[in-house]
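What follows is a set of structures for review.
There are two complexes below, and they share chain A, which is joined by chain B in the first and by chain C in the second.
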Partner chain A sequence: MRSRPVLTILHRLAILAYIVFALFPLFWLLKVSVTPNDLLYSEGVRMWPSRTTFDHYAFVIAHSAFPTFFKNSLIVAGSTAITVTVLASLAGYALSRFQFRAKYWIVALMLVTQMFPLVMLVAPIFKMLSPLGLTNSLTGLVIVYTAFNVPFATFLMQSFFDGIPKDLEEAAMIDGATQFVAFRQIILPLTLPGIAATLGFVFTAAWSELLFALMLISGNDASTFPVGLLTFVSKFSVDFGQMMAAGVLALIPACLFFLLIQRYLVQGLTAGAVKG
Partner chain B sequence: MTFAAHPHAAKPLRKRIADASEPYLYSAPALVLIIGVMLVPLALGISYAFRDIQLLNPFSGGFIGLDHFRALGQDQAFFRALRNTLWWTGASVFLQFIFGLILALLLDKPFAGRGLVQALVFLPWAVPSFLAGLNWAWMFNPVIGPLPHWLHALGILDAPNNILSDPHLAMWGPIAANVWWGIPFFAITLLAALQAIPRDLYEAASIDGAGPVQRFVSITLPFLAPTIAITVLLRTVWVSNFADLIIVMTNGGPADRTQIVASYIFTQAFKRLDFGYASAIALVLLVLLLVYSLLIVLLRQTLLNKG
Partner chain C sequence: MASIDIQSIRKSFGTFPVLHGVDLTIRDGEFIVLVGPSGCGKSTLLRMIAGLEEVTSGEIRIDGKRVNDLPPKDRDIAMVFQSYALYPHMSVADNMSYSLRLRRSTKEKIASAVGGAAAKLGLEPLLERRPRALSGGQRQRVAMGRAIVRQPKAFLFDEPLSNLDARLREQMRAEIKKLHGDLRATSIYVTHDQIEAMTLADRIVAMHGGIVQQLGSPLELYDRPANLFVAGFIGSPGMNFFEGRYLVSGDHADLRLSNGTMLPIRKREGLESGSAATLGIRPEHVVLADNGALEAGVDLIEPTGFGIIMHVTIHGIPMKIFSQDRRMLKPGPAIRVDLPQDRLHLFDSEGKRVD
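Up next, the complex of A and B:
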């Protein structure tokens, strides 16, 4: 197809507009986090302060509970991501490779869990976990987040397994391997991009979850980052520099994970779309 | 078929049971968790809707029949939240979809640096929702954010005030944050669908003399239609339940102008610890969403049958 220069320029401008729109709020977060307090109000709408400082970061790291929140969130999001990926690989493999009677019902069940409002479960889950001693505990959060993320992760893993030819396991099984061995030693290594994408998806989701963390966690010791930051905001709502420094810190792990997996995103979804 | 004709099919019983149970073994851990942490609480939640359950009141817990629903029928705050939900969901999904579709079309053509551009424009999707909410709340704050000053300079606002505290405009704050945050989701899904369209169709159409608009209408749109239908449906349900941004940015205020049903449920459960009433509202929301989804599915069936 020929492309005319005017169209090309319009195309690039539109792309640029999207980039600016996507990045500006994050840029502003960064900007305020490095603005010294005395310049915060006098240089309010300047694009970059005349002096920068890392004092806000130093304060947040040394004198606040944010390192604890950060650690809690890492534990919760990391454990959730790993557990979900293991469970979803197994279930996704079953859905991809076996024809069995309950398959239709399992798919229907998982689809239903994607449709109903999770906020419905806030009260009952609190009631169920509290006698088990799982409120105000990171384990409780990991269990809840794992269950919430398994259905979507299963479908994602299934679409990756569907993209791998069946002949590979069949060859291994003719050579005497059981299906589970074939799955573990041949299929799983081939699905590494899918595993990375699933880990990234679930990590980001668990890192960001707010409502259940607010409901289930009440003390600082077990607070995840969202809960900690929100408490901080409602208590010390004037110290914008510190809040935004904490915000930038909360952004780092999620963005790192995203950059690692983003090139698999469209690819993985394309595989699913071609099939459906 | 007889076993005698297929000696290999006559596996021992134990082996046959093991084979038949294999898929169940693979899916059992996931299923146990889904049933235990989602279905059981769902059933409990439905039962709470008919019981008097207040966390701080040890004498509560008895069945009260439809009392919660009678109270709900009188609850003006609930009906306001219902109207706000329609407005919030409609505006958010519409804008996310339009801008997401444009972005997907822009990214569909190959150009130098596309990978990098894709990473940058999809980045908001990775931003935790609570942080997106806080970030936009700060952007709307005239003390540290630029938006009120820009909107004032453009003549949209009379004075550089925080729109989040203006009852008439407050809803636009969470909607803006939601659109920023949700565009990548639509763009990723639609881009994946676009890339699945066979390229030769476009070439054939160009040779036959079809212009870009004609190609879009007669090739791109029909191919995208199923993806659009399913993503818009799922997203509508999802956004109407998405209370994070509202809880973070306005907490339902000012004067309940941004309270949606989902945030109202959360407030009832979290602040008032009235689990019974919260569950009753949640049940009503669930029924409404089910009716909506059924209507869409029926509509799609009718359209398909006609075509």
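Up next, the complex of A and C:
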């Protein structure tokens, strides 16, 4: 690579193009959120408005139900992420390490659940949840999101466990640990990157889920933020400025979350475990 | 320290049989080496003793106590893995003390045990490092250290040196021997390496196809291999074999090769005249003599420094000769050799040794 500067430059340019392409919608979100209402339609298409304002943010935080949506989303996404990750870690470990009779069928069933378009399931799920009093409740959302995310997260975790040599927990068991202690003290710490990835994946999925949140929740009290965004759409107009400001604010937890876990995402913790 | 008693152990993975009834009694403090070709079930046997693999049938006793159904943690055995299997998120000291911490030993006891093991293995400067910051040889030492910190009933080694280079392997081999001399711990050691087997073992177990072929001291296996498999497996370069018919005439006997050549051998009891047999002789036992009885065409010379391995053909049969005679570096197209009768091994048509 080093001796071919042209290739290096092309390589970097390709990455740059990719990043610009991926981030442009986010930039637009930010741009609209700081554009004063009177300039929004009058200036045409510009990369940056001639005047910027934080009025939209102030309004969203102070005068809308947005803080409630935000709190609801945090609760739902956080609980879902934690529940799913715990379940998926245990299930993924079992799939990775144990031989049991129904394994093949369990895996097949979990794959089947991933094949249905979610829309098909809205009605039956509503039917099931409403007699239980779980519609219009955050708990209901957490249950539904957990159910939908567990299969994929389990496969994700399984692949991380598969990457950890079996020798390690065997060594721990010979050292005097039970299988569960070996799992907790040896394997789990080494799976932190996997756990971080799973947490992040499920958190963002639950954070931005719209379909079920829309169908199962009515009324602002239990609305999550994607549903809440729709309140900026009124019969006659869409308040783009406020909507985008709310969108930018909604990005903050996801960004913080990934900042927190990125250390684990990039770290190859197993280096040095076995001869390498 | 403890004795280990293995009685008609069998193991199948599903319907695939791997071990077909292994019997082995290991005395307290003995160093046993398991050798055999790849896939013969050495690791499987070791892992069954450790409790990592279920026993299909048979019985394992440690110190007289049946352990078939005990989990590994209750067997009080230490194992050194081929891959070392160090805990990557723990320092060297923590790796070594893990077993003691699980047993809730006191801080002082842990410190002195780790200190002692580290001193024995020269690991003191490395105690705070993570495994990834160690060389292969150092990792190997840590794996050994982890095994010796708690005084277990027995040590199991599964090819612990096979990932090291030749020089380091030699050094560690000597250290393991020294360590065993100090600790006198019952040990079972799996290896592919001839020299490790010969130098370390009190007794060698030669396995093939899930069956113990021979059990004995290294020299017993070398001097009196029980069958063709052991004869060919022990020793390097491997034994030369001649197939033919065993013919008795009066009070001496011959092996007649397929081309009619007669090789004179000592008469054996218990083998019918006229039956098929295989004759074996080690390359280092072939005698080079100007007036030797056999002519050997020289195909190839391999100088090893210590000696010379000559690839020759005798009566159309390829064989190897090991010699320390430097003149043999340029031997000419043919040499003459003798096969001394007291160095010949004879095996019957089933491959069993006949004396």
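The criterion applied here is as follows: the second predicted complex is superposed on the first by the 233 of 276 C-alpha atoms of A that agree within 3 Å, B and C clash if a C-alpha of one lies under 4 Å from a C-alpha of the other, contacts with A are read in each partner's own complex, and residues count from 1 in each chain.
One rule holds for everything that comes next: contacts are C-beta pairs under 8 Å (C-beta built on N, C-alpha and C of every residue); 3 or more make two chains touch, one makes a residue touch a chain.
This one's a predicted model, so the numbers in the text were calculated from it and none came from an experiment.
Q: Is A:23 touching the first partner chain B, the second partner chain C, both, or neither of them?
A: So A:23 only meets chain B here.
Q: For chain A, which side has the bigger count of touched residues, chain B or chain C?
A: Result: the larger residue contact count on chain A belongs to B.
Q: Which partner chains sit in contact with A:173 here, chain B, chain C, both or neither? Use first/second/both/neither.
A: second
Q: Taking the two structures together, which residues of chain A meet both chain B and chain C?
A: 269-270, 272-274
Q: Considering the complex alone, what residue numbers of chain C touch chain A?
A: 50-52, 71-73, 77-79, 81-89, 98-99, 102-103, 130-134, 136, 139, 146, 163
Q: Provide the residue numbers of chain B that touch chain A in the complex, in ascending order.
A: Touch list, chain B to chain A: 20, 22-24, 26-27, 29-31, 33-34, 36-42, 44-45, 48, 53, 55, 102-103, 106-107, 109, 111, 115, 117-132, 134-136, 138-139, 143-146, 149, 180, 183-184, 188-189, 191-193, 195-196, 202, 206, 227, 234, 237, 241, 243-244, 247-248, 262, 265-266, 269-270, 275, 278-279, 282-283, 285-286, 289, 293.
Q: Within the complex, which stretch of chain A touches chain C?
A: 165, 167-168, 170-178, 181, 186, 189-190, 269-275
Q: For the complex, which residues does chain A have touching chain B?
A: 1, 11-12, 14-15, 18-19, 21-23, 25-26, 28-29, 32, 40-41, 44-45, 87-88, 90-91, 93-95, 97-98, 100, 102-103, 106, 109-110, 113-128, 143-144, 146-148, 150-151, 154, 179-180, 204, 207-208, 210-211, 214-215, 225-226, 229-230, 233, 240, 243-244, 247, 250-251, 254-255, 257-259, 262-263, 265-266, 269-270, 272-274
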